[in-house]
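What follows is a set of structures to go through.
There are two complexes below, and they share subunit A, which is joined by subunit B in the first and by subunit C in the second.
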Partner chain A sequence: MSTKVGIKSYSYCLNHAPETGSHYGGTPYEAYHSGKEQEYLDALPKHIQSYDHALHYAPNQTYIGGISYEEFEALPSGWVNNPLPDEKSKRYGKFGELMPEDEFLGLISACDEFELVWLEKNFAENVSKKLAEDPVITEAIVKRVLRPKNMHELSEIETEVKERAGLYLYNEGKIVGCIRSGHPTDDCLTAHVLMENLAGKASGVLALLHLMKNSGMNPNDLDFVIECSEEGAGDVGQRAGGNFAKAIAEVAGCVNASGCDVRGFCAGPVNAMINAAAQVASGARKNVAVVAGGSIPKLYMNSRDHVKKNLLALEDCVGSFAVLIVPDDGTMPVMRLDVLGKHTVGAGGAPQAVTSALTFEPLQSAGLTFTDVDRYAPELQNHEITEPAGAGNVPLANIKMIAALAVMKKAIEKPAMMDFIKKHGTIGFAHTQGHIPAGVPFIGHACEMINEGKIKRAMIIGKGSLFLARLTNLADGASFLIEAPEPVKTESTLSKEEIKAMLLETLSEVAGRLS
Partner chain B sequence: MGKLAGKKLLLLGERDGVPGPAMEACLKDSGAEIIFSATECFV
Partner chain C sequence: MQNQQRVKDAGEKYGTDCIVILGSSDPEGAEIYAETVTAGDPTYAGPLAGVSLELPVYHIFDPVIRAECDPAAWEEQISMMEMVLEPDALAEAVKGMREQYSKNVIE
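Let's turn to the complex of A and B:
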């Protein structure tokens, strides 16, 4: 079995969702229902950034591949006050797109199989026309937006919300639709839960569609999908039964694929990558797409602090990504399966132990040292979002821990720490969407830099806050290496006919000697 | 016994910083009473 797989392609998308977020993001939703934070709720709309501003925001363009990582790294700090020029602020980047909110609502409707999404008729018609212009949105998806069962009069939508526990959908301050409740008593099928799950599905579909485009793969040829978001789709019997992967593959037209979900909070994507790579390396699957949609509850999670400090509330995008894993053929960046970081149960929670388990131990097992990795990508949250909320600069905190461990292990001298941090660290550019920033946003940029000969090796690190589910006090973590390809050694093989001919030749020689 | 002896402690940890259980382990012999320890995630 090979210990390497190829990373054939990748996609990264954002769905701008400020109005959905300001109503149903976890923090505003909780504030509204507590009835105690009217001042914050009244102020939040004044702190929302426009779609145009989001397009000009450097971390967003870095995420969708509108600018390279090196361009991003060279930018002055204070991205929010230094918008990118128009020519670098397009909707479509090399990896994916930043979709506006009205089209996202249309896409959510297209992903609905159970008449759960009702859009106002004129809105649905208008948004279907806009979606039709998107290069990855298929005709079949556009038609789904226009299904009569998903298009209703505003009066019907109002009745559904008032009398049957639906939730309004908004655009430009107006009601444009609703999410309906899926069951009169089941807590797992409330309109709120279904909105989260359908948004996760729709954003995952968008990432998978871009992956098919970026890879040039016919959707019919996709073998398997592993979905790794943090949403739970189920009913009262099994609250997170699944399965997002197959539901996403269905809408994306991947008719020969099946799939399953992998979970682990923010460690989910790295574990899903390892799972996918192992399946491809073993030959169990011809290819696997690792996919994750994003999270509505995480929108405006830290906005109380952003509002309090009179800053823009930047947590307004639902993130998604997809990576296509195929057998290694020596032509594309590879993911190694023989150098994996694993945060074991017994490792404990001390920062030094966690960092050692995820970096030093796998590197040591492969005969590598800290400086052999050109870039470390641990938890890539955008610090312009997290610092005002008191959560610090997460990627910087992580690379500092790696540098300190490198000093302890005598891989570098103490005075070289700051140089190591600058040279080997990565700056966060991802939205605080839980699993989305967990190292994986750098896979695309790492592969680009490897293909351009700028780096040889990157380490992707994900950490999951398992304790949030109240099952264990433990956190989790996992890591893997991406490397430049090497020519694949092919073993020479003989056909049956060639063996037969050789045997006959030998027997004939033996017979000749006997006669 | 150090200067924390007899004190009551509330420990608020953070995943990418120092988690609650790690602080508990450091402070178990301090003579202080740990009355609350938690780890939070803000990202």
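Let's turn to the complex of A and C:
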């Protein structure tokens, strides 16, 4: 079995969702229901950034591949006050797109199989026309937006919300639809839960569609999908039974694929990558797409602090990504399966133990040292979002820990720590969407930099806060290496005739010398 | 909030014989936590709002606590973070609150 697989392609998308977020993001939604934070709720809309501003925001363009990682790294700090020029602020980047909110609502409606999404008729018609302009949105998806069962009069929408526990959908301050409740009593099928799951599905679909485009793969040829978000889809009998993967593959037209979900909080995507790579390396699957949609509850998660400090509330995008894993053919960046970071149950939760398990131990087992990795990509949260909320600069804290461990393990001298941090660290550019920043946003940029010969090796690190589910106090983490490809060694075989000819030639040479 | 409740329960059961050791990574946060377990929650968000437990509180990097730790365990679990964080600033931030509000501190 091979210990390497090829990373054929990747996609990264954002769905701008400020109005959905300001109503149904976890923090505003909780504040609304507590009835105690009216001042914050009244102020939040004044702190929302426009779609145009989001397009010009450097971390967003870095995420969708509108600018290279090196361009991003060279930018002055304070991205929010230093918008990118128009020519670098397009909707579509090399990896994916930043979709506006009205189209996202249309896409959510297209992903609905159970008449759970009702859009106001005129809105649905207008948004279907806009969606039709998107190069990855298929005709079939556009038609789904216009299904009569998903289009209703405003009065019907109002009745559904008032009388049957639906939730309004908004655009430009107006009601444009609703999400309906899936069951009168089941807590797992409330309109809020279904909105979260349908948005996760829709954003995952967008990432998978871009992956098919970026890879040039016919959707019919996709073999398997592993979905790795943090959402839970199910009903009261099986609260998170799944299966997002198959639901996403269906809308994306991947008729020959099957799929399953992998969960692990923020460590989910790295675990999913390892799972996918193992299936491809073993020959169990011809190819696997690792996909994750994003999270509505994470929108405006830290906005209390942003409002309090009179800053823009930047957590307004649902993030998604997809990576296509195929057998290694020596031409594309590879993911190694023989050098995996594994945070064991017995490792403990001390940062030192976690960092060692995810970096030092796998590197040591492969005969490598800290400086052999050109770039470390741990949790890649955008620090312009997290610092005002008191959560610090997460990627910087992580690379500092790696550097300190490198000093302890005598891989570098202590005075070289800052140089190591600058040279081997990565700056966060991902939205605080839980699993989305977990190392994986750098896969695309790492592959680009490897293909351009700028780096040889990157480590992707994901860490998960398992305690949030109240099942265990343990943390989790996993890591893997991406490397430049090497020519694949092929075993040469000789036919009997060729061997006979070689023997005869050698024997005649020997005979010639004897005579 | 749950941690505040745990500290409240322990403080009410054992009084100031109970020591709080903080592991916060930033001085500002450490100071708020130290105030919370001594004078009460300054944000008035949790169970310790208006409750002055006056517990002796230290940061793990305080020399008094470090002297009590097994050097091998310290090396294995803490020493890396000593290089990453600002141990003196963290210990000082907690000390400020301790000196104002704690009782039964380690002599």
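Criterion: the second predicted complex is superposed on the first by the 492 of 515 C-alpha atoms of A that agree within 3 Å, B and C clash if a C-alpha of one lies under 4 Å from a C-alpha of the other, contacts with A are read in each partner's own complex, and residues count from 1 in each chain.
Going forward, contacts are C-beta pairs under 8 Å (C-beta built on N, C-alpha and C of every residue); 3 or more make two chains touch, one makes a residue touch a chain.
Small disclaimer: the values here were computed from a predicted structure and weren't measured.
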Subunit B versus subunit C as contact partner of A:Gly392, first or second or both or neither: both
Residue contacts with subunit A in the superposition, subunit B compared against subunit C: B
Contacts of A:Gln381 with subunit B and subunit C, given as first, second, both or neither: first
First, second, both or neither for A:Pro100, with subunit B first and subunit C second: neither
Partner chain in contact with A:Ser465 - subunit B first, subunit C second, else both or neither: first
Partner chain in contact with A:Gly66 - subunit B first, subunit C second, else both or neither: neither
Partner chain(s) touched by A:Gly348 [first = subunit B, second = subunit C, both, neither]: both
Partner chain(s) touched by A:Pro437 [first = subunit B, second = subunit C, both, neither]: first
Touched partner set for A:Gly177, first subunit B, second subunit C, both or neither: neither
Shared subunit A surface residues [contacts with subunit B and with subunit C]: 348, 350-351, 390, 392, 397
Complex contact set, residues of subunit A against subunit B: 266, 301-302, 348-351, 379, 381, 386, 389-392, 394, 397-398, 432, 434, 437, 463, 465, 467-468, 473, 475
Residue numbers on subunit C that touch subunit A, as the complex places them: 25-26, 28-29, 76-81, 83-84
Residues on subunit A engaged by subunit C in the complex (per definition of touch): 348, 350-353, 355, 390, 392, 397, 400-401, 403-405, 407-408, 414, 417
In the complex, subunit B residues that touch subunit A: 14-22, 25, 39, 41-43
